[in-house]
Each structure stands twice: as C-alpha cells, then as structure tokens.
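The structures come next, written out as structure tokens.
In what comes next, chain A is part of two complexes: it sits with chain B in the first one and with chain C in the second one.
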Partner chain A sequence: MRVIEAGQLTKYYGKARGIVDVSFHVDEGEIFGFIGPNGAGKSTTIRLFLSLIYPTSGSATIFGRDCVKHGPELRQEIGYLPSEVFYYERMKVIDLLRYSASFYRKDCTQRLHELAEWMELELNRRIEDLSYGNKKKVGIVQGLLHQPKLLFLDEPTAGLDPLMQRKFFQLIQEENQRGATVFFSSHILGEVQRMCNRVGIIKEGQIIEVADIRTLQQRNYKKVMLEAGGLDAAYFDIPGVTNLESHNGTLRFFYNGDVNALMHKIGTVTLSNVTIEEPTLEEIFMHYYE
Partner chain B sequence: MRMNIFRQELTMHVRSVVSWSLALAAMLFVFISLFSSFAEQAELLNEAMASFPEALLTAFGMNGLDLSTVLGYYSFAFLFVQLCLAIQAASYGFSLVSVEEREWTADFLIAKPVGRAQILTSKLLATLCGMAITQAVVWASTFGLIEAFKGDRAYEATTLLLLLLSLAIFQLFFLAVGLVVSLLVKRIRSVTSYAMALGFGMYVLSVFGDMLGESALENVTPFRHFDPSDIVQNGAYNTPLVLISVAVIVVSLAASYVLYTRRNIPAVM
Partner chain C sequence: MNIFVHELTANLKSLLIWGVIVILFVVVGTSKFSAYYENPDMLAILDAMPPALLDAFNMQAFNLTTLSGFFGLMFTYYALMLSIAAAMWGSDVISKEERDKTVEFSLTLPVPRSRVVTAKSLAALVNCIGLLLITWGISLATATPYQPDGEFYTFVALCMLALFIMQVIFLSIGIFLGCALKQYKRASSAALSVLLATYFISIVSSLNQDLEFLNYVSPFKYFDAGVLLRESRLDGTFVVLSLAIIGISMAGAYVAYTRRDLYI
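For the complex of A and B:
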C-alpha cells in the first residue's frame, strides 16, 4: 500500500520557489530517506503533507486520501518531529505532553511515560528551562506517544548528543518494526544510509533521483585507490574516471564504466597496494551536487 | 470546539484577565469614591467647566455632562473603562493566532489532528470567556461602588444597564478587528503596540470627529457608536451606529475564518 504519494506537487511562496513538480511515493513499512542541502525544499514537502501550508498545484495524499481535504482525520495517525522545536514556554513538560496526548483518540499515558523514560526526559521541568537537546527530546516524545502509523522526521538528530542519537535511531527502528512507515529528511548522509531502504534526492526544489539505497551505491561508481612508486596520473585518465587525485605515489579516483576495462588497465602496472570499494552515499551525493 | 484547546487557552489567559479585572476595579473605585465630594460642589464645578475651552471638554467626552448626577459622573469614568477594555480586546485579537506563529508553536498545534476552524473557534470562545470575566468584574464593581458612594442620589438603573451591556459588542469589535488584521499581515511583531494603536486610534478618531463635527469619522469608531454621554442623555443606543459595529464584527470574523483556514504557516528559517 502506498502510504505517501506526491503527484507533481508544487509550492510557490509568492514568487519564491518552494518545490516544483515533486512526485514520489513511499510504501507501507518503508523508511524513506529524503536528502538535500538546506533550502532544497525538504521541510516544504513535509509541511505540505501536514497541511501546515497548502500546495500551489499538484496533489499530496496519505493513506490514499487527500491531505488538504482529510487533514485532521489523517493526522490522527501521523507523528511529526519538526527540525526546530518550540513549545509553550511556560508549561511543564508533563503538561505539554498530556496536552499533546489529548488530541488523540487512544489513551497515550503509558506510552508517554515509556518514551520519556527511554529518552531520559525530566517531566517536571518547565519548557523554558530546557536546553535545546532536551526540547528535542520533548519533540520526540510528543511525536511518538500516540504510536502513529506514519512518522515525519525533519532533520531529527540536530541537537541530540551521539548517545541520544543512537537511542533515537533504535526507537525509530522499533517503531518501523511495529509497522510504522517513516519519512526521514536529513542532510546527514551517514544516518540516512544507516536507516533507510530508499532515498529521494531533492535539489533546488526538484527531485533528481529516487532510488533504492543499495542500487544508488552499487550501480555506477567504484572508488579506487592505487599505490605504487612513480605512478603517472595521466595514464589512468581514461573515460569513466573522475576526481582523479595523485598524492605521494597514491592515486585516487572514482570509476564509472566497464570494470574489465579498468582491471585491464590496472593489470599493466606494478602496484604495492590497491582498494576498490563502494563509495559512501556522501561521495555519491557530492557528485549530484556538483 | 475542542475542549482541550479551550482549556489550554483559558489557562494561558488567566494571568492577563486577572490583572485587567483588578486594574479596572481599582480604577472604578478611585473614580466612584470621589463622586460624593464632586457632587457636593457640583455647581462650582459645572461653573468651572463652563469656562474651559469647549475643545478640551470634548476631548474628554465631558461636553454636556452633568457631573452632579450619578450617571453623568459615571459616564465620565466609563470612557476610561472603554479605553481599557478596547486595548484588552484588541491585544487578545491581535495575539489570538499570531502568538503561535511568533513563538513558533503553530507547528505543534496544527500538526495535531484538529481542523483550523476548530482551533479558531476554541481560541475565540476561550478569549470571549476571558473578556466576559473582565466585564463581569466591571459590572460588579460598578453596581457595588455606586451603591456604596451614591449617598441619597437616585439614578436610572436601566440606563446604567444599557451602558454596561454595550461593553459586550464594544469589546467584540476590537477583538474581531485585531484578529482579522493579524491575519492580513505576514507577522505581528509587537501585540502591545498594535493594540495601543487600535485602541487609542479609535478613541482619537471619535474625539476629532466630535471637535471637527466630521460625521464620516464617527461612523468607524465604536467609541462613537457607544458614546457614554449620548447613551446617558438619550437613555437609548443610537441603533444605526450600533449596527455598524455589529456589521464590522460579523465581516471581520467571517474573513478571519476564511483567512486562517487558508493560511500558510511560516516555517523557522
């Protein structure tokens, strides 16, 4: 089942571009990564699905129903963690979380306390006294306490220390195993690589690629490192080679093409060391943004 | 209407409602407790007032006011009550939904499973509740203090009721106008300055209208629609003017619902 679907979704803020003709879908049970630099339109896309803003044209559906028409009903099953968290400053954490829970039809009390304990959140402090990281924890708990079927995470790890990030990812994975679909926006590729099955890459408001994370890594590029005395960089400047660097007798480059041609070329020189590996998502990503 | 939002809004208003109510009660006490000393020397006072330039008297709404009568004196104090209530209602109107955007809590609220219209209705009802409490305090202080300080002077109770009842529509006007303006602009930076501007602005308009005899100006300001000395002198409202207020309220509220349900909530940049 398609949990999220965007059809030529477009949003302009006056004349300023938000997103243009964005189409993609996310299936039930997926963890879908949404990658792009700041200002590419990641938050705009999420905010459209939550009806915080309305599309200029195109459609946004969740569970097969239109986000604008059925917004309130759909949001019963949606959890949202915004990139910047702000809550009513004068409230106590527990009151804010109870207020949050009061919007949902199910009883969230038990889950609320489980989550707060897991995230090591102090419930009796005032929001205004919390550090940014602790506010983020409040955000996580309020986004998950109703055990939603769909989670929108907008750059969720900013402000969390590494230990909390790990706990958070564990939590998201548990939610996913329970059956929740996750839409994970980020510009940190490492975490997307670790969490997601598929990714969409957005640049200047447009989707430039939606792909399985494995194919994205495997399909084209090999990252090659050669070590030998007196290697001539120009010798390896063959079609398919990019980012060729030579440093102290070490040659590094990316290769995209027939591997046999590359292996043949390598076979003609005497090497002291060689590695051929999958590039990280980060490296692929940089390629997209050139 | 959502009970949870209503309750939340009410809690957030408590402090402000209590301060406004106490301030108004204190102000009425100061005014009305001085009544007997004023009334005793009324002749002297009316004489002195007659020698003031007319523009000055008009500015304070004291033209044709007889300070020796209970209602004449009270309608003078009532002008200040109106001014306070105007500013209170305007600031509630300006901040009703803009506060969530200014403090970035709108994302939290709107991402919950609740429609925009329901949010607005719940917030409006909570605010009306707060304003009703303030008005109730004004009613109670007025009757209590007048009984305590009027001495042996009589007054027309129905006229006093008319004055006090007018406060409901009067405050709604400022609430509704504040709300619709807050939805027409991109962002309200300071609620207080907007509220003061609207409150005092309308007051000044009515004063200038009076002084210049400009009736076109009179039509826009509720200070004119519900002019206390007029109500006291005629023992009735000026119905056409009251209807202008009602029309402005209805249009502003309807426009607010349309604007709010279509509003794009700005994101933190």
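For the complex of A and C:
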C-alpha cells in the first residue's frame, strides 16, 4: 500500500520557489530518506503533507486520502518531529506531553512514560529551562507517544548527542519493525545510509533522483586507492575516471564504467597497496550537487 | 475542550493584570467623585466651562454630582479600557502560536483549524467576561458608600451590557485580524489602530453635529451612556449593527484561517 504519494506537488511562496513538480511515493513499512541541502525544499514538502501550508498545485495524499481535505483525521496516525522544536515555554514537560496525548483517541499514558524513560527525559522541568537537546527529546516523545503509523522526521538528530542519536535510531527502527512507515529528511548522509531503504534526492525544489539506496551506491561509482612508487597520474586518466588526485605516490579516484577495463589497467603496474570500495552516499551525493 | 482549558490557563495572568488596572482606575476615579458628590460648587464650575470642551470629554450629558451621572462619565473610559483588552486578546490568541513558533506543534495535532479558532475565541471571550465582571463588581463596591438606589443598579447593568457588546466587537475584530494577517506582528498593532481610529472618530463626531453619520463607524458611539441613562434601553439599530460586525468578523476569521498558509 502506498502510504505517502506526491503527484506533481508544487508550492510557491508568492514568487519564491518552494518545490516544483515533486512526485514520489513511499510504501508501507519503508524508511524513506529525503536528502538535500538546506533550502532545497525538504521542510516545505513535509509541511505540505501536514497541511500546515497548502499546495499551489498538484496533490499530496497519505493513506490514499487527500492531505488538505482529510488533514485532521489523517494526523491521528501521523507523528511529526520538526527540525527545530518549539513548545509552550511556561508548561512543564509532563503537562505538555499529556496535553498532546489528549488529542489522540487512544490512551497514550503508558507509551509516554516508556519513551520518556528511554530518552532519559526529566518530566517535571519547565520547557523554558530545557537545553536545545532536551527540547528535542521532548519532541521525540511527543511525536511518538501515540504510536503513529507514519512518522515525519525533519533533520531529527540535530542537537542530540551521539549516545542519544543512537538511542533515537534504535527507537525509530523499533517503530519501523512494529509497522510504522518513516519519512526521514536529512542532509547528513551517513544516517540516511544507515537507516533508509530508498532515498529521494531533492535539489532546488526538484526531485533529481529516487532510488534504492543499494543501487545508488553500486550502480555507478567505485572508489579506488592505489599506492606505488613513481605512479603517473596521467596513466590512469582513462574514460570513466573522475576526481583524480595524486599525493605522495598515492592515487585516489572514482571510476564509473566497465570494471574489467580498470582491472586490466591496474594489472599493468606494480603496486604496494590497493583498495577498491563502494563510495559512501556522501561521495555520490556530491556528484549531484557539483 | 483541551485547547480551551489550555488557553484559559495561559491567559489567566493577562486577565489578572487587566483586572488590577481596572480596579485601580475605578478606585482612583471614585475617590475623585467624593469631591463632586452633592457639591453645588462643582456644578457651578462645570456650568462655566465651554460646552465644546465638555462634549469632547463626554461630560455634557451628565450631572456629575450624582452617582449615575459620574458613572456615565466614567463609562467612556471603561469602554476604552475593556475594548483595548478585548482587541489585544483577540489579535493575540491565534497569532501568538505563529509568533512563538508553536504552530508546528499545535497545528500538527489532529484538530481542524476551525476548532482551534472556536476554542481560542471562546477562551478569549471568557477573559472578556471575567474582566467585565471585575469592572461591574468594583463599580458597585465603590458605589456602596453613597447608598445607590435601584435605578443606579439598573443603569450600571445596562452599561455593562453595552460594554460587553463593545468588548465582543473588538474581540472579534482582533480575532479576524489575527487569523487573516499572515504577518503576526501586525495583528495586534492593526487591531489597536482600528480601535484608536474609531475612538477618535467618536470624539470628532461628538464635536460636530454634521458628522453624526460617523456614529455608525465608531462602536464607541453605538451605546452612549447619556442615552442609556435617559432611555434605559439599548438602541436596537446599533445592537443589530454590532451583531453584524461580530458575525462578519468571525466568519472572516474562520474562512481566512482555514485557507491560508501558516507562517513558520
């Protein structure tokens, strides 16, 4: 079943571009990564799905229903963690979480306390006294306490220390195993690589690629490092080689093409060391943005 | 219901502050009245003043040496204070979510925006009623030493009804502006501008007989305390006009807020 579907979704803020003709879909049970630099339109897309803003044209549907028409009903099953969390400053954490829980039809009390314990959240402090990271923890508990079927995470790890990030990822993976679909927006590729099945890449308001994360890594590029005395960089400047760098007898480059041609070339020189690996998503990603 | 209760708690402090302001104002005002009370010299002084000046301060219609007369004079200031409070609450109650950036929380909860407007408007209305009751209570309490008669109580009750209508007018205008203006910073200043503009129109129209049509423009002229004292009833035309303004403002608020993008 398609949980999220965008059909030529377009949003202009007056004349300013938000997103243009964005189309993609996310299936049930997926963790879908949404990658792009700041200002590419990631938050705009999420806000359209949450009907905080309305599309200029195109459609946004969740569970097969229109986000604008059925927004309130759909949000019963949606959890949202914004990139920056803002809550009523004067409230205590526990009061805010109970307030949030009161909007959902199910009883969230038990889950609320489980989550707070897991995230090591102090429930009796006032929101205004919390650090940025602690506010983010409130956001995580608030976004998950009703056990939503769909999660929107907008750059969720900003402000969390590495330990908390790990706990958070564990939590998201558990939610996913429980059956929740996750829409994970980020510009940190490492975490997307670790978490997601598929990714959409957005640039200047337009989707430039939607692909399985493995094919994205495997399809194109190999990252090659060669070590030998007196290697000539120009010797390896063959079709398919990019980003060729030579440093103290070490050659590094990316290769895109027939691997046999590359291996043949490498076979003709005497090496002291060699590695050929899958590039990280980060390295692939940079190609899209160059 | 949860939004309504949350708003009430959040607004309580503001109500208390306004309550203290009104109480201080009434107490200080009434202490001045002790100098006028049944004082023939005061009447002579007032008679000697130019009528235009008295008109400007809405003092023409009243005999300031009587309790009802003095209250009638104070009515204008009560109206101004209560209207300002109502306009500020109205313009603030919705737009503050955008100002404090809490919309990404409160409007991603499973509630329709229309319900947010309803709950918040009702909470602000309760605040208005609270302030009105404070005004009413303190007015009667400070009048007690002068042994008011039944007529005075009826007059004050009528004035309170008029004040309530004015509060709701400015509340609904404030709510409309808070809902419609995407730039939340402008909502409360716009609401106060409307209020002050209509107040000055009310002064101008009392100075000049030819400008009486302006009475329809300014809610401060809808219910004149002098008329209330003489006729002991609200003017039906202006009640209808008031209800129309309230209805249109609220309808506009719902339409605007459910259709526009939230400012994040």
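Here, the second predicted complex is superposed on the first by the 290 of 290 C-alpha atoms of A that agree within 3 Å, B and C clash if a C-alpha of one lies under 4 Å from a C-alpha of the other, contacts with A are read in each partner's own complex, and residues count from 1 in each chain.
In this text, a contact is a pair of C-beta atoms (placed from the backbone, for glycine too) under 8 Å apart; a residue touches a chain by one contact, two chains touch by 3 or more.
A quick note: this is a predicted structure, and the numbers were derived from the prediction, not measured.
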Should the superposition on chain A be reported as showing a clash between chain B and chain C, or a fit? clash
Show which residues of chain A both chain B and chain C reach, each in its own complex. 13, 47, 50, 52-54, 71-76, 78, 80, 82, 84, 86-90, 99-100, 102-104, 142
Within their complex, chain A touches chain C through residues 13, 47, 50, 52-54, 71-76, 78, 80, 82, 84-90, 99-100, 102-104, 142
Within their complex, chain A touches chain B through residues 13, 43-44, 47, 50-54, 71-76, 78, 80, 82-84, 86-90, 99-100, 102-104, 142
Can you name the residues of chain B that touch chain A in the complex? 2, 4, 8, 12, 103-108, 110-115, 118, 262, 264-265, 267-268
Which positions of chain C touch chain A when the two form their complex? 2, 6, 10, 100-105, 107-112, 115, 259, 261-262, 264
